[in-house]
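Just passing along the structure, written as structure tokens.
Naming follows writing order (A, B, C and D), and every chain is counted from residue 1.
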Amino acid sequence: MPVRPAVFDPPFNVVRVSHVELGVRDLGRSRAFYVDCLGLLVSDETADAIYLRGVEERNHHSIVLRRGRASEAQTLGFKLGSEDDLDRAAAWFARRNLPTAFPDVPYQGRTLRTADVFGMPLDLYAQMEQPASMLQKYAAYRGARIQRIDHLNCFTPDVQASYDFYAALGFRLTEYSETDGDDPKLWAVWLQRKGNVHDLAFTNGTGPRLHHVGMWTPGVLDIIHICDVMATCGYLANMERGPGRHGISNAFFLYIRDPDGHRVELFTSDYLTVDPDHAPIRWSLTDPQRQTLWGQPAPRSWFEEGSLFPGVAPRAPVLAAQPIVAR
Amino acid sequence: MPVRPAVFDPPFNVVRVSHVELGVRDLGRSRAFYVDCLGLLVSDETADAIYLRGVEERNHHSIVLRRGRASEAQTLGFKLGSEDDLDRAAAWFARRNLPTAFPDVPYQGRTLRTADVFGMPLDLYAQMEQPASMLQKYAAYRGARIQRIDHLNCFTPDVQASYDFYAALGFRLTEYSETDGDDPKLWAVWLQRKGNVHDLAFTNGTGPRLHHVGMWTPGVLDIIHICDVMATCGYLANMERGPGRHGISNAFFLYIRDPDGHRVELFTSDYLTVDPDHAPIRWSLTDPQRQTLWGQPAPRSWFEEGSLFPGVAPRAPVLAAQPIVAR
Amino acid sequence: MPVRPAVFDPPFNVVRVSHVELGVRDLGRSRAFYVDCLGLLVSDETADAIYLRGVEERNHHSIVLRRGRASEAQTLGFKLGSEDDLDRAAAWFARRNLPTAFPDVPYQGRTLRTADVFGMPLDLYAQMEQPASMLQKYAAYRGARIQRIDHLNCFTPDVQASYDFYAALGFRLTEYSETDGDDPKLWAVWLQRKGNVHDLAFTNGTGPRLHHVGMWTPGVLDIIHICDVMATCGYLANMERGPGRHGISNAFFLYIRDPDGHRVELFTSDYLTVDPDHAPIRWSLTDPQRQTLWGQPAPRSWFEEGSLFPGVAPRAPVLAAQPIVAR
Amino acid sequence: MPVRPAVFDPPFNVVRVSHVELGVRDLGRSRAFYVDCLGLLVSDETADAIYLRGVEERNHHSIVLRRGRASEAQTLGFKLGSEDDLDRAAAWFARRNLPTAFPDVPYQGRTLRTADVFGMPLDLYAQMEQPASMLQKYAAYRGARIQRIDHLNCFTPDVQASYDFYAALGFRLTEYSETDGDDPKLWAVWLQRKGNVHDLAFTNGTGPRLHHVGMWTPGVLDIIHICDVMATCGYLANMERGPGRHGISNAFFLYIRDPDGHRVELFTSDYLTVDPDHAPIRWSLTDPQRQTLWGQPAPRSWFEEGSLFPGVAPRAPVLAAQPIVAR
């Protein structure tokens, strides 16, 4: 029985997914993609990094692009409820012999740099600088008019183990896909803290690797427009999958690849999940509408490619089940 | 200083606004309005009541229409986190000498019927029957394609007192309007539990009365479409205000009146407020963009009319400040 | 040089494409598809036929479903400017030894039943019954909210010959695709009379056959919604291609198949072409953005399948060039 | 009986409305409004003029801003079918003792500068320079994403006389409002050449004056977005009326005023009118849904203010009927 009861009194309070830090090899090329094309706002930039946010976000950054030699996903950021939660988190990770550094991180308050059971790097913090809100500065809306970060999705070699780890921290299951038969195995899980379908998801595959960062747009037409823009200003090959409707999460989506191959999902229109008795939705791994309500299978790259984490060797997945792939 | 710190450890856990029960004089006329025109789904109907929900909702009902002699708002429903929360709530209200009945309520589990400090009737419960989700039964989307209840907005004779009452229960302030000058007075407050701009709002006025129930639609075009429908199928006079963009909440809105005069807001596109350090936005009562970002003032009826609660005599407001009204 | 000058003084005035008559084997199944799902309005129905129109249309019908043993496209209807034009048309076709019958056609005035040079059946008429306009009866908008017929698209064994035939009748070229090299051959043409991208298009292939009837919707979201509806009420397999953006015509599209296999395109957002000096746009047959601006190739069925015309044996195309096909 | 039969063989062929030339007092301020805010494309600019077009337009300009001392509407441009039409037009105007100059006009071919029976200035031409199409350069879409000019609307002191003048030139009536009673008088007319609701409209009032230039946007959300932009970047006071749905034309609209007071309508979603038997729609002057389907009356300024033509003294209207005005 792979699905567990929700944990309502976690050891510390994770409020929501907050940001991701991506290693990129050419900041100029990345800026052209994220700022000039997608329309993200620049909170700050230095010789080595660009800090980006959506039009709604009060937090200083939800995507950090950091110049590096490798196109790795450097860390996944989550916001905690308070400084006390941060101390409780540090103690919790220390008890499990997981890393507990507190590096100085620009624009953030005290930050716990740790990792999960598979070595996936996590930055936990409670305070971040808050530039002026741009939500009602509509003249600044450009490109896909991205409003905020929505979620992170990762490959894991063992979905059940990753689910167990984060469920214990209060992440609540909203949807999942599993194999059929008498002894079903989890193939993917969607886990939430902030009250919509997910803050964090895991998919079976060689991992840990970052599959994608999901960015929320106000509506479907923002995604259609960015398709038109990308297709006609040199980013046609960066459009990997969609647009379409997911069966899982009911969201309208587009998957794109940045100049370093990091995957971004533009995402809108899921649903509210705050009820404690909100029952998770099960999808059979063999149901094609799970992936795309309208039937189109995802391309092979979408199932196989992801961003490595620095110094973390990925392992092959324990589950060999194969989803439906476009030829 | 009218704004208080948020309460993160409330005496019991209110998950979110859940439903409203409206007294109506002619169920057939109300059904034509809510079901045939607005497109709400009928979960159940009897000779005396119709139970309605939006396409996303798993709860059995978010609007209950109950046949009666008066067009009153009979109760405001909130979902609690657990049966234990319900017991804690009963004790809390009892300690304050507020009512604590547990009537049988169809389709709901144990329900605490109580009232706030001004006598505004509240139904608190933790469990409700859950019919099959219609979120992905798109052929059932009609009218405004209403997805879920979003909030309740009430007149109160004393905004500061109502705010103090609900803030102590963990409702968090997201936006507020107040008078200018050295001794500002609260004129309206928006309070949330579920992580967007509001579950419950209060406006200065003769009260307690229900100002409106806010229903969430997937997008702006759903609201534009229902304007076209209402204007051409006999409901032109029921369109009271909008469509437009609120400065407060940034939401796109339309206010309509049902056949008994109960006000419904169709509402979309606000923002996420889950961060514990999310700072409330202040609006001066004299800023016309507070009401409508595009400048149109609201009609006088919008400021003056509301639904009475049964047996609760409304009082004149303590604050005499006057907002901008359309002539 | 396959492109010819536009003819501004044609032998008779074709105002626009008007309707198509489709043979279907089960009127009930067809009604479920066109009326219950797509939302077309029923102008009239008999034991043998259903007459359909979009919400804007004042003409009695733009799609006629006629019960028959075969799923053939029975005739293509065009509206002429006047009864005099009809006489001129009859004389013109007679001079070329093409058929010139005047059968009684329900709801239409005098109707010339003829055929083009490849035997493609044409109904030409000037007057049709006009039921009440439903454009501002918004409560009648259902499904894809189809507003009007936009165009017909046909396979022809010789695009150059079909183009020459219709260009002489005043159909003006707006876009075309052709082979590359020193001696380019036309592969497809888009021809207009009413001032947008097309009333009639021809694609290289075994023909004559009807490729699809194009129906115009008010916006992109109407097409996205009907994708969601079809995918969740039993018509998933009827979704053949899209949604997407055509390079050619710039239109947003979805191709669907009715229960008899007749293909319908839902289509929106092309552009105005009334200027006499409007220069046609050339697309290389090898440009993948011609088909879909966003890059997805069309499935093989889209290139190969079409509706036969009664008693007209299709011929293999003279041009063997192969477009890009999805594997 | 004020409505006349359509003229299908006019003395010369007017293809469509083409452009308007507006006198402005500060090109920088006008550029900020039309280019930076509304997003129109700049085809060319000189010390004295800015030439603008929408993203679809192949013609060099549809709005010309010309620096001057007065904020007048300098001329209304219409495109003719051919150079022969231009000669026929010159002869036609000369026979009526109306002006017939042929000034050099930048970016246009031979241009007949004339005037109608009330002195309203007209530029008629057949050829204009054609810069590269931007329709599929989606990265250039900004602001309201204006696609093309749609129509011009003018005050006239005698709607019947203006209608008679243009009807004789083949302009076809699509909708009209008139007084009630036994001897109805025309209050406004909508006249088309290009096949949608209008190229040119006349409203009863002190005239001749330009009421507004109508610019077509791809969809409703483009108009909603520009409301948000204008309201939050200093143009709140320039928003005069709307957004809303017209009863007449069924279009979704927003009326705005440029820095010189010239009125622009952003306009979308009307309907096709190419059928020769397309019957005009009559609206009673007392029907409030004529103006706004959703019921809001227009402000007084909308009925009273307009742009003068240089050297043409406006006259009071012959018809004293009063429409419904917002207080």
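Note that in this section a residue touches a chain if its C-beta (ideal position, glycine included) is under 8 Å from a C-beta of that chain, and two chains touch if they have at least 3 such contacts.
Quick caveat: nothing in here was measured; it's all calculated off a predicted structure.
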From chain C, the most remote chain by mean C-alpha position: B
Of A-C and B-C, whichever chain pair has more C-beta contact pairs: A-C
For chain C paired with chain D, centre-to-centre distance based on mean C-alpha positions, whole Å: 33
Centre distance in Å when chain A and chain C are each reduced to the mean of their C-alpha atoms: 44
Euclidean distance of C-alpha centroids - chain B vs chain C, Å: 49
Of all residues in chain D, the ones touching two or more other chains: 136, 219-221, 228, 231-232, 293
Sites on chain B touched by chain D in the complex: 220-221, 224, 227-228, 230-232, 236-237, 239, 243, 245, 252, 289, 293-295, 327
In the complex with chain D, residue positions of chain A that touch it: 37, 136-139, 141, 219, 221, 225, 228-229, 231-233
Of chain B, residues touching chain A in the complex: 8, 15-16, 56, 58-59, 79, 81-82, 126-127, 130, 135-136, 147-148, 194-195, 218-220, 247, 250, 269, 271-272, 274-279, 293
